[in-house]
Each structure stands twice: as C-alpha cells, then as structure tokens.
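Next up: some structures, all given as structure tokens.
Two complexes come next, and they have one chain in common, chain A, joined by chain B in the first and chain C in the second.
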Partner chain A sequence: MVTSITAGIRSRRWFLSKERLFFAACVVPALIVVVAVQIYPLGFSVWIATKDWVLTASDGPSRSVGLGNFRDTLSDDTFRRSLRNSAIITGFSVSISVILGTALAFFTRAAGWFNQLSRTILIVPLVVAPVAAGTLWRIMLNPRAGLINTMLDRIGIDGPIWLGKSTEALISVTVVEIWIGTPFVLLVISAALTTIPNTLLEAAAIDGANRWRSFLHIELPLITPVLLIAVMFRALDSLLSLDTVFTLTQGGPGFSTYTLSYLIYNTGLREFDLGAAAATSWIFMAIAATLMVLTFWLQARWQRT
Partner chain B sequence: MLLMVAISWVVVPLVYLFLNSIKPSLEFLSTPPTIFPSKITFEHYSKAFSDPKVSRLFKNTVLVTGITTLVTVVVGTFAAYGLSRLRLPAKWLGFVVFIFLFIRFYPRVTTVIPYFLTMRELDLLDTIWAIILGHLGITVPFVTWLLLIVFNELPKEIEEAAIIDGAGPWARLRYVLFPLVAPGVAAASILTAFLSWNEFLIASSVARREAQTLPIGVASFVTDQGVHWGPMSALAVVMILPMILFALLVQRHLISGLTFGAVKG
Partner chain C sequence: MRQHLQGRHLKSLGAVVAVLALFATACGDDESSSADIDGASFNASFGAFGTYDIAAENAKGPFEEATGARVELIAEPFEVLVQSAVTDLATGTGALDVITGEAWIGAVWDRMRPLNDFIDRDEYGQDAIVGLWEKAPRFDGKQIGVPFTAEAYSVLYRTDLFEAAGVEADWTTWDEFMAALATVESTLPDDVVPLVYSWGASDQLPGIFFGMYDGYHINSDGRWAVDPPLAEAAIDQLVELRQFSSSEASAYGINEASAVFTNGGAATIIGWTSFLREGAYNESSPVFGKWSASTFPGPGFPFLSSWNFFISGQTDDEKADAAWEWIKFYNDPKRAKQNFIDFNFQAPFAGFFEDEELLADYANDLPFQKENLERAAAPAMTLPAYLEWSRIMGEVLLGNLTSAQAVAEMNEAFADELIPTPLIQKAQVDGTFQR
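Then we have the complex of A and B:
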C-alpha cells in the first residue's frame, strides 16, 4: 500500500518534470532566434555606439569615444532637421489617418454588400508593399507626366514640382503615409465597433440623443482604448518607416525630407559611419520607447476611470 | 460622398499604375501625357520576365517568403504551446510578452547595422539565408505572442480530458489542440507571408546583388525618366498583384490577425 503510493508520487513527479522538459524544449528554438537576431545585435549596437568606426576606413573600430558620438549627433544640424521632419510627417499623417479611418469605419458600419465591398477596397493599401506604394506615388506626382499634375492641368492649374521643393516634398511624403496608414485604423475601429452592443445605441436613441451625441458620449469612450493602440501602432510604424522616403524622395531635395530612419540608414549603410549611426539609432530608440510607454500609461489610466 | 472620394483615392493610383504597365513606351513622352493607353501592350511584362535579373528577384522573394513563413509557423506554434503550458510565474511571462512587443516596435535600423556586420563576419552577406534569418527575428516573436494568447484562451477541460486518457504533451498538441488553434495559426502565417514578401530594410541591408528581393528591385528604379516607367510599373504590379489577390482570398484570416493585437492585446 505504502510503496504503491510513493511509487505513484514518484512517477507523477517524473511525469510532470518530463512534461515540463518537453514544454521548455518547445520554447528553445524561438529563444535562440530572439537572442541571435535581436538581443545580440542590440548589445553589439550599444558597443558600436561608443566607438569611432568608419567601415570604409578600417575593418575594426579605430578608438573608443565614450559618449562622443551622442554629443556629435545631438548638436548635428542634419539630425535636428531629420527629427523635425519625422515629427511633422508622423504627426500629420497619424492624426489625419486616425480621423479619416474612424470616419470611414462609421460610414461603412452597417451590414450589407455595399459596405462590405467598400471596406474590402479601402483596406487594399494595407497589403501593398510600402516600397511599391512609394514608387506608385512617385509616378503619380511626377511634375510633367504624373496623373496629379495632368489632372490639375486640365482644370487650368499649373501643378507644383511636388518632389522637387522642400514643403511640397514633405507634404507628398505625408500624403503617401496617410494612404498607407488609414486602412489599419479603419480595420481596427471597425472591429471595435462590432463589440458595442446595439441595445446601448437604441437606448440612447430612445432617450432622444442624436447620432452625433451618441457617438460622442457612447461610442467614442468605448473605442478610446482601441483608438489609443491604433494611434501607437500607426505612430511607431510611420516613425520607423524608411520605405516611403527611400522610394519617393531619397531624403531630398537637399535634406528637406530626411527622416530619422533615413538618416540612420544613410549614415550607417551608405557612408558606413557605424559609430555615428548606432548612436543616432539609440537616441531614436529612446524617442520610440517614450511614445510606447506614454500610450500604455494613457490606456491604463483610461481603463481605470 | 466621403466614402466615394476615399474609394477613388485608393483605387485610382492602383489603376493608374496598371495602365502605365500596359502603355507603349512612346506614350510616356507625349505632351500632354496620355492617361489611358491608346494601344495595349504587354512588352514591359514580357521584357521583365525574360530578364534573368527579374526572374532572380522573383525566385528569391518566393524562397524567402516561403521558408520564413514555414519556419516561423512551426517555431512559433511550439514556442507558444510551451510558454502557455510551462506555468511560468506571471511576472516572467509578462516580461517575455514585453520583450516580444518591444521587438515589434523598436526602430529596426538600430539592429540592422550590427546584423549586417555579423552576417559579414559569418560570410552570409548577399545570401537569402541572411534575409530569412533577419525576417525570423521579427516574425518569430510576433507569431509566438499572437499564438500565446490563442493557446491561453482555450478551455482547460478539453486538455484535462486528454490527460486523463493518457495523452502526452505531443499527442495533445497534435490531435486535440492544433485543430482548435488552426485558425489562429492560419492568420499568423498569412501575416508572416505579407511581412516577408514586402520587407525592405533588412533585405536591402544584407543583399546587395545576388540575393536581392522584389522590394529592392522596385526601389532601385530611382530614375525619374519617363522611359523607365513602363518596366517600373510592370515590376510594381508583379509585386503588388499576387498579394492583393492573396489578401482577397484569405480576407477573413488576414483581418482577424491584424485586428487581434489591437483589440485583444
């Protein structure tokens, strides 16, 4: 009797530990990938950031400069310009996409084949490669033969040289970011709207609330947590995006559409000034992390009240 | 009204791109430029497909996307199953999830430079393996995170019944749980395929010639001269069209995967 119980316990323990071993083994390949392709390069990048290292001049770092690279970056005019451009492009494109996406989600909300079809069409840019979107818009915006200026010409307006002037180029990049980014907001807000019970809106209608008031007081508060997440997703994706600037303007004319991503890419992988690029990328990282923390904080606060 | 404007704002550029890809080269130079081609031609496509460079771009992209998706789904499913059943302390699990989300959102240019150096050291530069490994670094944590939530939401009773029947962890995954999480796995693999097919930053940093993929090919048309618009548009269509068709085909899974993070996370 006694032996059979201890045997039971022992076998049960053995059973459990073997199972846990199996589960642990399941995680190992993913762990290896994350450590090798993410954690290790991140650490490596910190090390590079403190070095004076231009790959075209030497195969290894020439000397340690401590925080010198960071100081140089922060006082660099191109960095400040890129930071400003990133803030402008992300700020405008995200706010416009969010308003537009939310509005479209409301308009296509009701059931029926027409709304269904509209939603399907409206989310197409989501699966268009950003590189292709940039290329496509570069053709559209061509001052001589592009569709935009051809149409403007037909109604008697002399279209601007979109990508050749600094303000117009900045507007163009923002427009393309809106084209790419709006579908995601539409999709997420549509999904959030379906979770709002109809009875709530009917009750409001009976109480005499018009469409706008019920949006403001019932739906908007309910979708706010999702809206915040959508803003964060869009803001970070737009901030980090390299593809559109790369294919539309190559940062030009001059430095007028240099963004942080483009600046770091250019410094690191074209000029091969690795130390400077790594330091700049860590400053960029701090900005992105702040944005992330801020959204989660706002979301947590909103849900508590 | 707004809806109509929005729909044309999405559709017009895509149709215009397609029209440009079937327009004879000479028409790009006419003044005023034609919008609709006067004669339909497939010269840009036939030229593109007979160019060994373009077929290599296509082959590389298919290989990178296929291998990345396959490996991600297998590794991610196992990792999510393991993580959800290890009974880790909540704090640990929270930390793991935080790391995964961080990887999704931090500026990727930070790791691209050291990654490039590491691949150079390992002599993997300009191979599709460097691109695939780079993509796995993004997709594996993302898919693991997504499936972790799916596994955690399954009712415990089903699994307990299987344990009583004497099914080991592998049999439970294979015969009991996998059929239940299959829709989540499908959504995850679709998202992975899109990401890998369209990814530009990592691919362009490690593949300078032989291993180039379609995004790099499309981005390399930097010239603004009208004569190149035909081939450029044709290549962009070749890149975009399969993804749009694929997206329409798997729309439901795609949407559930995309909205998942925001609505549940």
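Then we have the complex of A and C:
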C-alpha cells in the first residue's frame, strides 16, 4: 500500500517534472501537425468514402452510401483494367530495376575513379523530375524521328509504334519506370555492399570461391534485408507514380496505360467524384499496405533464418 | 517680363497639354472609363500557356494606369486552372474573381455572375461572330461568359498537291473529303501521306467524331448518350478515315502531326491551325505558300475552342464592375489583333477576321476560320465525360471494340450520372439535346 502510494507520488512528480514538460513541449506541436495533416485527412477520407459526394453537384456530401462506392469501384471495368496495368508496370519495372540496380552496384563496387564516375552517371536519372523524364522519353519514342527508332533503324530493325499500340505503350511506361527506378536500387545496394567486411570475401576467396559464388552465397544473403526495403520503396513509388503516365501516354491509347494512380486522379480531380475517389484510394492503400506487410514479413523471416 | 510671360505661357501650355493628355487617356480608343473603378482590386486567372497569360501581363500595366484599379493575375496550368475554378465555385470560397475557361467547367456555370446588365449597358458583343455569340456560356437564359478566343477545328490541305492531282478542295461532307483523299493519294510522292492527324492523342478524336456525327449528345433522360445508328456510322467513318494516315500516326500528338504537315510529309491535316501557323507560315517550310484551310466537312460541327471570361458569383459589385472593365480592356479589338500577332490566338469578333492587314498575311486561313466558326460548337460535356468517350473511340482504333460496342459503352458510361443543369441548357441551345 505504502509502496504504491510512494510510486504514485513519484509518478505524479515525474509527470509534472520540468523534464517531462520540456519533452511534451517538443512533441506536442509535432503531434498536432501529424494529426492535422495526416490523421485527420485520413479519417475524413474514410468518412467521405462512404458518401455520395460529387463536388460539382454539392459543396458537401449529400447522402451516405455505406460501402456502395467500394462496391462500384471493385465492379468497374476501368478499375480492373487500371489494377491490371498497375500490376504489370509495377511488377516488371520493380523486378527489372532491382536486378539491374543490383548488378550495376556489384559491377561498380570496386574503388577507383572509373567506378565512381560510372556510379555518378548511372544515378543521374534519379535527379531528373519524372515529368521531365516522361516528356523526354515521349520525344525519344517518337516512331518517326525519335532516338530509339532511329537507333533501331541503324541496325536494321523496324522500330515499333511505341505509344500508339496497347502492348507497346505499356512496355514504354514500364521502360521509363525502370529508367527512373534503377538508380535508386543502385544507390541503396551500393551502400549496403560497402558494409560487408572485406575479410569475409577474402576468406571465401582463400576457400576457392570465385567472385560470382562469393556474391551469391555471401554478399546477396547479407544485403537481402536492404534489398527487400529497396523493393518495397520501388514498388510503392511505381504504384504511386502519376507523372510518367500523365506525360507519356495520358493513360492511352484508349485505356491501355490507365493505372490506379491515374484513375484516382481522374476520378477525384477531373470528375470531382470525391466519394468514389476516396474509396478507390482506400482500396489502393490496402494494396500498398499488403505489399508493405509482406515485405516486412519476408524481412523478418529472412533474418530469423 | 517677357521671360515671365513666356514662363506663364509655358505653364499654361503645359497645363493644357496635361489636361489633353488626361482626356486622351480617359477617352483612349481601347481604354475603359476609370471613374467608377478607381481603387478597386480584383484577381483574374488564366491558363499558364505562355499566350493568354502573357497577353494579360502585357495588358495589366496599361489597364491599371488607365483605370486606377488593380488586377492580380493568377496563371495556372490547364488542369490546375480547371480544378481551382471548380473547387472555388463549388465550395463558394470566393477566392477567384475573373475566371477563364471553356465548357469543361460547365458544371459550375450556375455559380457565375450573369453579365447581361454589363453587356446591355455597353452594347457589348455586337461585332461577335454570328453563331458564336449565341453559343457563349449561358445559364437560365442569362449570359455568364464572354468569349475572348475562337478557333475551330480545321482541315488544311496542300494546294500544290491538290492542283497536281486535279482535285478541288470543295468538300462539304466527310465522304467527299475521303473521295478527294483517295484521288490525291495516287498522285502523291512516296514520302507524302494523304492525311496526317494526331491519332495518338485520344482526346482529339472527338474533334473528328463530332464533325461526322449529327445527333444528340444528351438524351431525353438527361444523360450523356449518342444516337446509336448515327454514332456507329460516324465511328465507322472515323476508322475509314484512319486508313489515309500512316501507321506511325497512331502515336502522333498534335505537335508531331503538325510537324509532319509543315515539313511537307502530308497532303492534308485535321487539327488546330494555331499549332501550325508558326511552321506553315515560315518561309523555310516546304509548305510555305502552298497550303490553305478549307470548309470543315459535315454533317456534324467543327469542334470549337473558345476561352471565355466569367465573373464569379461570389464577387461583389465593386470588384465585378472592375472585372468587367478588365474583360473589355483585354478583349479590345486592337489588343486582340496584337495578341494574334504576338501570341497566335484568334479573337471572337467578325472585324478581326475581316481586318485587311491580317487578311493580307493570312488570306488562306482566316476566311475559312470565320466560316467554320459560324457553325462551330463545343460539346456540352465535362472534361472527364469527354475524355471517357475519347478513350472508347481510341479503343475502336486499336481494334479492341467494334463501333456498335463502342456506342454501347459510350451510352452505358454515364447511364447513372446526372448531368449538371448548365450543360443540359447548353445542349438545348446548341441543338444537341435529344428532342
């Protein structure tokens, strides 16, 4: 009893202590900002996802539709097509950029001015604004006078009409995503590779392991947790990417490169159907969250084994 | 004494000059009366296109000097401009005073200030192109928008190639136009295609579709829809027209298509003349002096691009007075002519198209623009509805849909969606509402 009273007094003193107040003064403003700019809008979007609200029709939600917006979105052909396109673009661009970024990091790992210069040049796409990248690639993919088809023509290949056909347009968007995303993987993996002690690689070499086997059995397992994080960031980045599609294809031709981000943009900021856009955003967020959970689970599992 | 008198005379003369200068400023041919709006302050939004917005910047100084009013210019990219206007008007925020836009913001036209009192008071718009003024934005019978640009979708052709083929460019229907293309095609050099068009910019496809289709856009239930037999025929015709372009054109945007024409790679082009003028009127272009505009084929209408000035319904009377003076000032015929020379956008006035100085330089272009503008119209659609239809047409060209399936999708896409009243009223005025 006496102990608990003493503990209570001590706790009360600590609660009112200057140190505690100082910490509170530091944390509370940040907390308010987080609540104001993140939690409140998220909560609000949950609320409007259940409402019928087209901004051009009324300045506030007109009626509650429960899960109607979610049902409508999930049964919408354009949503399904957008989901499929997003999955294709993200799946291929992340896989290829991770393989490519890792390989480039591996090959430019050694010290020396050439490798440093190579890394610097390879990282350049990372600092190009996606809008500029999309526009640049649109010019390069011009079937008549673009750089890509001109180069293909030089080696006797009749270049495709990149942005005029469904499959080719989807490939074009994926290629640009790879171009934008690979430097990030290169940067992250390069940093991870530098943390591996040289003694491990030297020991492996003494044991007769060649460079490839050292990478496969020593370096790759050690950088896998970082690699998974890179995959997660790239996947989220690619899913969220609006700029590339916007500048390169505007979702076309037809609906060929319509992605989830583009669909949400179109629904929310062109149609002003805020209820439907909020519902689609939450479905999108569920997909992204699943991806994150899966990555962390894989990472934890990897570290356990 | 003499010096003193001279000084007095000089002072008197100076005073007279000053008074005359003030009078001249007040009565200047394109200046507005400054008495009522001196000290007023308002804002005006423009698309950050490097044209209308720069023209506004050029007009700002003289306007403020002439009137004593202050105008804050807001320049935003197209998408942001539309979003700002819609959110401001829909929520009643009142952040914007003068709003520029087209039918894409038709959903909020009912939140605009009626301009009839201003128009009637100043007898404004008497010189506007016949047909165009009647289609200016209205709500409940009141005019709420004043056009400041006017351009119609056009068919331009190479006069030398058509002459060589012995073909007259006197088409009035799309069948006649395609017959002309078929005849010309056999006489063209290998590196010249009969037609170039921005087939890759799906948002442009309705520009031709609406020229081929002569039916309703809004059905009697108040939903966006098309008359199936007429729309299917129009889409089939669109597919037929596609055959006159190269396969590469599937990826062309407006700029690429314009470049092909101005570099001599096509006998005809369909699109916006403003995108072509810089190249086609350039003496170094192989098509310089060898092209002309023509009558836009029917039975549909040439697509109209006409930017309008609106005054927000939230704007108070004092600001509205000043805003109206700004609209007149910006739209002054002399300034409009200079804007065309500097920025290549056409004014909505008949006088502009009949200006002898302009006709001397643009004789193969402006008369046809005026003729086409008289029957031009913009569809009574919101941007997303329009884009949805555009994409469905794009799917037909990709071979993913038949014309019948496309029409079914077009009619199904908005079957449950109510159309904003201002757009229904617009369709009724334009004659595109199902009777």
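Basically, the second predicted complex is superposed on the first by the 283 of 305 C-alpha atoms of A that agree within 3 Å, B and C clash if a C-alpha of one lies under 4 Å from a C-alpha of the other, contacts with A are read in each partner's own complex, and residues count from 1 in each chain.
As a working rule, a residue touches a chain if its C-beta (ideal position, glycine included) is under 8 Å from a C-beta of that chain, and two chains touch if they have at least 3 such contacts.
Being a predicted model, the structure only gives us computed values, none of them experimental.
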{"item": "Touched partner set for A:A205, first chain B, second chain C, both or neither", "value": "neither"}
{"item": "First, second, both or neither for A:I157, with chain B first and chain C second", "value": "neither"}
{"item": "Partner chain in contact with A:L269 - chain B first, chain C second, else both or neither", "value": "both"}
{"item": "Residue contacts on chain A - larger count, chain B or chain C", "value": "B"}
{"item": "Partner chain in contact with A:N142 - chain B first, chain C second, else both or neither", "value": "both"}
{"item": "Partner chain in contact with A:A57 - chain B first, chain C second, else both or neither", "value": "second"}
{"item": "Which superposed partner A:L294 touches (first chain B, second chain C, both, neither)", "value": "neither"}
{"item": "Contacts of A:F255 with chain B and chain C, given as first, second, both or neither", "value": "second"}
{"item": "Contacts of A:V131 with chain B and chain C, given as first, second, both or neither", "value": "first"}
{"item": "Intersection of chain A interface sets (partners chain B, chain C)", "value": "138, 142, 144, 250, 269"}
{"item": "Interface residues, chain B side, partner chain A - complex", "value": "2-3, 6-7, 9-14, 16-17, 20, 28, 32-33, 35, 75-76, 78-79, 81-83, 85-86, 99, 102-103, 105-118, 133-134, 136-137, 140-141, 144, 168-170, 194, 197-198, 200-201, 205, 214-215, 218-219, 221-222, 224, 226, 229, 232-233, 236, 239-240, 243-244, 246-248, 251, 254-255, 258-259, 261-263, 265"}
{"item": "Complex contacts: residues of chain A adjacent to chain B", "value": "19-20, 22-27, 29-31, 33-34, 36-38, 40-42, 44-45, 48, 100, 103-104, 107-108, 118, 120-132, 134-140, 142, 144-145, 147, 150, 153, 179, 182, 184, 187-188, 190-192, 195, 226, 229-230, 233, 236, 239-240, 242-243, 246-247, 250, 260-261, 264-265, 268-269, 274, 277-278, 281-282, 284-285, 288-289, 292"}
{"item": "Chain A-facing residues of chain C, complex", "value": "79, 82-83, 86-87, 90-92, 107-108, 199-203, 247-253, 256, 260, 382-384, 387, 391-392, 394-395, 397-398, 400, 418, 420"}
{"item": "Touching residues (chain side chain A, partner chain C) in the complex", "value": "55-59, 138, 141-144, 161-166, 250-256, 258, 266-267, 269-272"}
